[in-house]
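The structure's right below; bear with me while I get my questions together.
For reference, chains read A, B, C, D and E in written order, and residue numbers begin at 1 within each chain.
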Amino acid sequence: MTDPTTAPAVAAPAGGGAPDAVAAPPGTPAVEIRGVDKTFDTRSGLVPALDGIDLTVAEGEFVSLIGPSGCGKSTLMRLIADLDEPTSGEVRVFGKTARQARRDQDYGIAFQQAGLLPWRTVAANVALPLELHGVASASRRDRVAELLEMVGLADFADRYPDQLSGGMQQRVAIARALAERPRLLLMDEPFGALDEMTREKMQAELVRICAETGAAVVFVTHSIPEAVFLSDRVVVMSPRPGRIQQVVSMQLGADASRTEALREERAFFEMVTVVREALHGAPAGGARGVETR
Amino acid sequence: MTDPTTAPAVAAPAGGGAPDAVAAPPGTPAVEIRGVDKTFDTRSGLVPALDGIDLTVAEGEFVSLIGPSGCGKSTLMRLIADLDEPTSGEVRVFGKTARQARRDQDYGIAFQQAGLLPWRTVAANVALPLELHGVASASRRDRVAELLEMVGLADFADRYPDQLSGGMQQRVAIARALAERPRLLLMDEPFGALDEMTREKMQAELVRICAETGAAVVFVTHSIPEAVFLSDRVVVMSPRPGRIQQVVSMQLGADASRTEALREERAFFEMVTVVREALHGAPAGGARGVETR
Amino acid sequence: SGGTDSGDGGDTADGDLTPVKLQLQWLPQGQFAGYFAAAEQGYFEEEGLEVEIIPSGGDIVPQDALANGDVDYAIAWVPKVLGSIEQGANLTDIAQIFQRSGTLQVSWADSGIESIADFEGKKIGSWGFGNEWEIFAAMADEGLDATTVQIITQDFNMNAFLQGDIDAAQAMTYNEYAQLLETVNPDTGELYEPSDFNVISYEETAGAMLQDAIWADTERLESDEEYQETTVAFLKAVVKGWVYAAENPEEASEITIAAGSGWGPSHELWMVNETNKLIWPSEAGIGIIDEAAWDKTVAGALAAVNESGAHLITEEPPASAWTNEWIQQALDELEADGLDLTGEGFEPIDVTLEEGGN
Amino acid sequence: MSRRWSAVAWGAGGVLVLVALWEAYKFLGPADGVVLGTTRVLPRTTDLAMPHVWDMLGRLAEPVTRSPSAPPLWGAILLAALTTLGIAAAGWLVGVVVGVGLALVMQRWRLAEWGLLPWIVLSQTVPLIAFAPVVKSWGSRVEIGAFEWQDWMSVALIASYLAFFPIAVGALKGLQSPDRIHAELMQTYAAGYWATLRKLRFPAAVPYLLPALRLGAANAVVGAVVAEVSTGLQGGIGRLLIQFAGQASGDPAKAWGPIFGAVVLGLVAAGSVALLGAILKNYRRTEETA
Amino acid sequence: MATATGTAAITAARVGGTAAARSRREAVLRVVAPIAVGLIVLGAWQFLVSVVGVSDYLLPSPQSIAEEFVAYWPSILSAAVITGTNAFVGLVVGTVLGLALAALAARWRAIDRMSAPVVAALAVVPIVALAPVLNSMFGADSQFGRQAIAALASFVPVFLNTLRGFRQTTPVHRDLMKAYAATSGQVLRTITLPTARPFMLTGIRIASSLAVISALVAEYFGGPRGGLGSLISTSAASSAYARAWAYVVASIALGLLFYLATLALERLVQPRTTRQRTTEGST
């Protein structure tokens, strides 16, 4: 079972600032991060959160960030979203600066908490970004209906968030993130608060939605099976200061479609093991991890 | 990989009130639940939460409860702890009524939120049950030191809860639950709020502590790997009204010790799959589940 | 007052009326019956004035309203205004309507308090707001200073006295004294009688001070001819009003009730009657300031020190603080009308008080 | 619905208990009260100090005075209460504008918060009654075009001085209340200050603002009544309060009338704001679920 | 790895303590900003009076107020002691009553529901309106009426906040106590009181300012003289506005003293950690 020959290809560790081992697909990459450092200046001193991050996310690609708590996943994602600025290095989104991309609404974002406005109905929550950007009320209504259909909440348009379960709220948040048809979706542990069964359902739904929209996704998670199930590549980070430890390309077999059955396949478990070992720094069972470097 | 012959033995579904398939170990069982129903009388009507629950937990046994949200896991645990009373049926703990067992402090309990008192230091939090039950201050101090040593927080005795990370808080809560050397430990999603890596560490620590103390554990969780990793038996529940769907005995091989390596073993993945399928009612990949019945 | 430029304060009743604001010292009540009568009887209009009577109450200080230019004339007690003048207000007493002090200090008949000298060590009621200076002046004359008694602030009724919290309560003849006589004596079930009380009248002590006077703005009086004319016209109407009140106390009390007094008819009539007694007779003519009384007031004000050590005034007020010039002119002009300006024929009436003043 | 009725019934019970206590003490207590050492710790029980409850209520039905034109006491009190309510409402509105304005400034610039908040807190230790005549006098100077300062405006101004404080503090808290996640969401939408204010901060402030507005309304009533007393404004409940207090020696029950009026007035003012809360209930969902 | 740490160290050295400097600057600004605002207002005031020439009679200049303050210092002090004592007695009595009644209301719902309308009325009625009747009831020659008014005014916020505090115990803590088979006395001591404590303290802090203001305003409605309130009115009545303002300044100082004292009490009684947590939610 721990046969080293079955180990999947693992990208070069990115700590040294080397460019991504996986070649960028044709076309402008969705996200390009070059030599990014981020240090927080707090009262108790400087906190280095990210150190020498290089990462490229191709258009339509699904990339997960995984790593122990405090390793800088959220920080990295906030840099892409231009909610924070890197201390040094560069973040480009669809070839523009992160700021410009934010101004142009090139991405949609979803957080761990759904972050719905409690005083707005489901429909009004989804409509919020459209409203802010002056979309006419008629086409707004149409788009909201379409989105709620997509996330399976058409019947709940007039409910308020507190009348929904956690999973439903998260679906509303995803619909909201998709409202302006962004070509890039940023998701920070969007399913973190859900129970395992709901979570699996949401993952399947996310796979479907991504296929429909063709958006690139940067997805932060703590769950290895989740990262494996969803991603094209999994970026494993190490803490303090956050570095990219490994970038693992998911090799789930040529015929692997991301269905429920995948979760019980051997290739799936193997990729889970690979990511686990990357995460723990060294393989739990032996010295295999070293060979992959 | 989905070979039906490798499917582990699965206990008979307990919906029909049949006694546990697994024979109770010698000695009084730690927990004995017979024909328990629980209906909540709410403003919006009667909510049936549990229906015909039969379950026996042997001394020193580790039993996990798993099931979708709202299936009554917490309710069941609260009945054992005598925090609620069953509508019908009987709960016995070490041969006594649940009430008597609570009065006698036969169990320790930990919740999803650590539930520490924010105005007490770590040491004072752990000392709380001892204090309430009139343990002399000197022996209290010794016991607290011992417990904090056990959960690896000896250096943090004088901190306040808000100065600790979530995982550390949860360890304090576990130390508190163990303070009076209970022979039964009740834990309701104690690791639910932790990230995956901390969670795995805490699981390993719980295994160690259980081995040290020899306590029986009733453990509520949403995570299948967690349940598989920790338990002797996993009780799979179905929702509305909560029933026991299956009781799955973990068969991880004779030599299986619960170490980190276990998480990468084939038997582990197989048990995960069995529980997953039990949880989803039918196997995801085919009709295999039917055969095991 | 700046609205008209006709400058004619005379008899053009139906022409432009000169607007005038008069600030009273308290709520509308019989104490001010003459002003309300002048308004109601049309005397102001006859003199070419349109007078707005502004009631006071609470913390409004009439002389400040005048000094600030909010109003044209104000009714206020002399000692209080002397304090304001020393603080920088520039005001002149142009007519001394009340010729004598109406302040009493009332104690129970069996209390043994029969003179100011008996105050020592007692609880003495006063309303504050500057009404306490007569007490301090009278005490100063007896060689008592403010610290030898305990001053209790009376509120708006006589309960504190009736219940024994105060040994001697301040009372105006026209108001609080009547309140006592309107109260049922729980021992007899009847109203209290005058014989139940000892009454010290400040008019008979060295503390007596001049009370309700009409004040005007000194500077305007000196330089503004229009204001001078208005002043004479105003005083003429006021005098006519008070003469009316002296001759028709019932009607005058009804006028004040209609003007917003909250008192019942019996109390109101009592008040008009007692007020008349403070005005009439007035040997030199109503409103003429008696220099001796003025000097006595000033002497008292100089002598008085309150319990926090503050003096009302520390030096003599300026000469501009009073003048008989305008009231004399007004009286001279009224002479012709054959009015009784000295109160020779004034006869007070008998008023029966009802329970609660209702 | 039935819950509301039971609350009313319990509340009425509470008032009845209070009435019973009053009468029982009046019946049993010594006439001169209970004096411990030199302090009277329980009140006198004479009719002058403690009229019977039925006398107080009965007095409301009688005319104000024996004068033939006098209205019944309750009518006079009602009219005065309405007058005061109007003044308090004006003061409250000013307080809302000033309070919310200050909160906006303080929310926008932290330096403003640091510089102003201590003074706003301090302002509540200033005995406003001392300023009433000054405000009235300053006000009487204001004359802009056709606008002329009325005396009631001075009273309203003082009412607003009391009302603005809880509103400023509550609104600041409310405006600062949105979770970081919501603020950042608006940032990702590249929403400007005003859009964020309109779509996020104001709605989020509602649960904080409503109790603040209610407190502000109660304070405005207190301020209006005290300022009426202090500036001697006619027509309001404050004026009746001193007027009838002045007649309390001969007619003790009468002095309680305006007090009941003031209670009703305060309850009506606070109740109207509660009504506002019912209208805005969708903005209070977090409150209900929390 | 070594180089990376080195770089980080260099960066840290270069950016050198900016965060510490920033926090120090913030601490300074928090003190300086309000003082600056105060000085600006004071300066503008003095400017209005002495340069623009608004009459000193109408609006005394800060300078003349300060002079009066010095001249009447003994009288100001004794007045502040009288008013302060009334406010203090009222605050203490109101607090004790508020705490006690809140405990009863938390324990028995009947008391809670019956007291609701009375407390609601007390919260909105201008309590000073009761001054005349309280003077009749308790005697105008004692300070008791004023103390009673201060007590009533303090009672309301203490009661409301404490009652709220008693309702803040979390289900998980209650379950825990039940699991420990704790007696009701133990629950009160270990959970209920500590949870309610910050709310009580907030109530007391709000009450402190109210107590001073009410005790002071009550002096306008009769009773013994000598307190700040009656001296303000006496001074104003004789147009000695600068002196009146000097007494006003003293009453502001008194209010501030009470506020700061309760704030200090809060710091003293409450452990650091819980304070941080609760000050947000409870003011």
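Note that a residue touches a chain if its C-beta (ideal position, glycine included) is under 8 Å from a C-beta of that chain, and two chains touch if they have at least 3 such contacts.
By chain, UniProt protein names: E = ABC transporter permease subunit.
All values derive from a computational prediction rather than experimental measurement.
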In the contact graph of chains, the distance from chain B to chain D in steps is 2
Quick note, more Cb pairs in contact for C-E or A-E? It is C-E
Rounded to the nearest Å, the gap between Cα centres of chain C and chain D is 36
Expressed in whole Å, how far the mean CA point of chain D lies from that of chain E is 19
Dist(centroid_CA(chain A), centroid_CA(chain D)) in Å evaluates to 53
Cα centroid separation, chain B vs chain E, in Å, comes to 49
Residue numbers in chain B touching two or more further chains are none
Shared-interface residues of chain E (touching two or more other chains) are 58, 132, 136, 139, 142, 220, 233, 236, 241
So chain D residues touching two or more other chains come to 44, 48-49, 129, 133, 137, 229-230, 242, 245, 248, 252, 255
Checked against the stated definition, the touching pairs are A-B, A-D, A-E, B-E, C-D, C-E, D-E
Interface with chain D, chain C side, in the complex: residues 27, 55-61, 64-65, 68-70, 155-159, 162-163, 179-180, 182-184, 186, 257-258, 260, 262-266, 354-358
The chain A residues in contact with chain E across the complex are 15, 37, 39, 41-46, 48, 51-52, 87, 241, 243
Note: in the complex, chain B contacts chain A through residues 1-2, 68-69, 165, 195-198, 222-225, 260-261, 263-266, 269, 273, 276, 279-280, 284-285
Listed in rising order, chain E residues that touch chain B in their complex are 170, 172-173, 175-176, 178-182, 186, 190-191, 194, 197, 270-274, 276-277
The answer for chain E against chain A in the complex is residues 4, 8, 11-12, 15, 18-20, 22-23
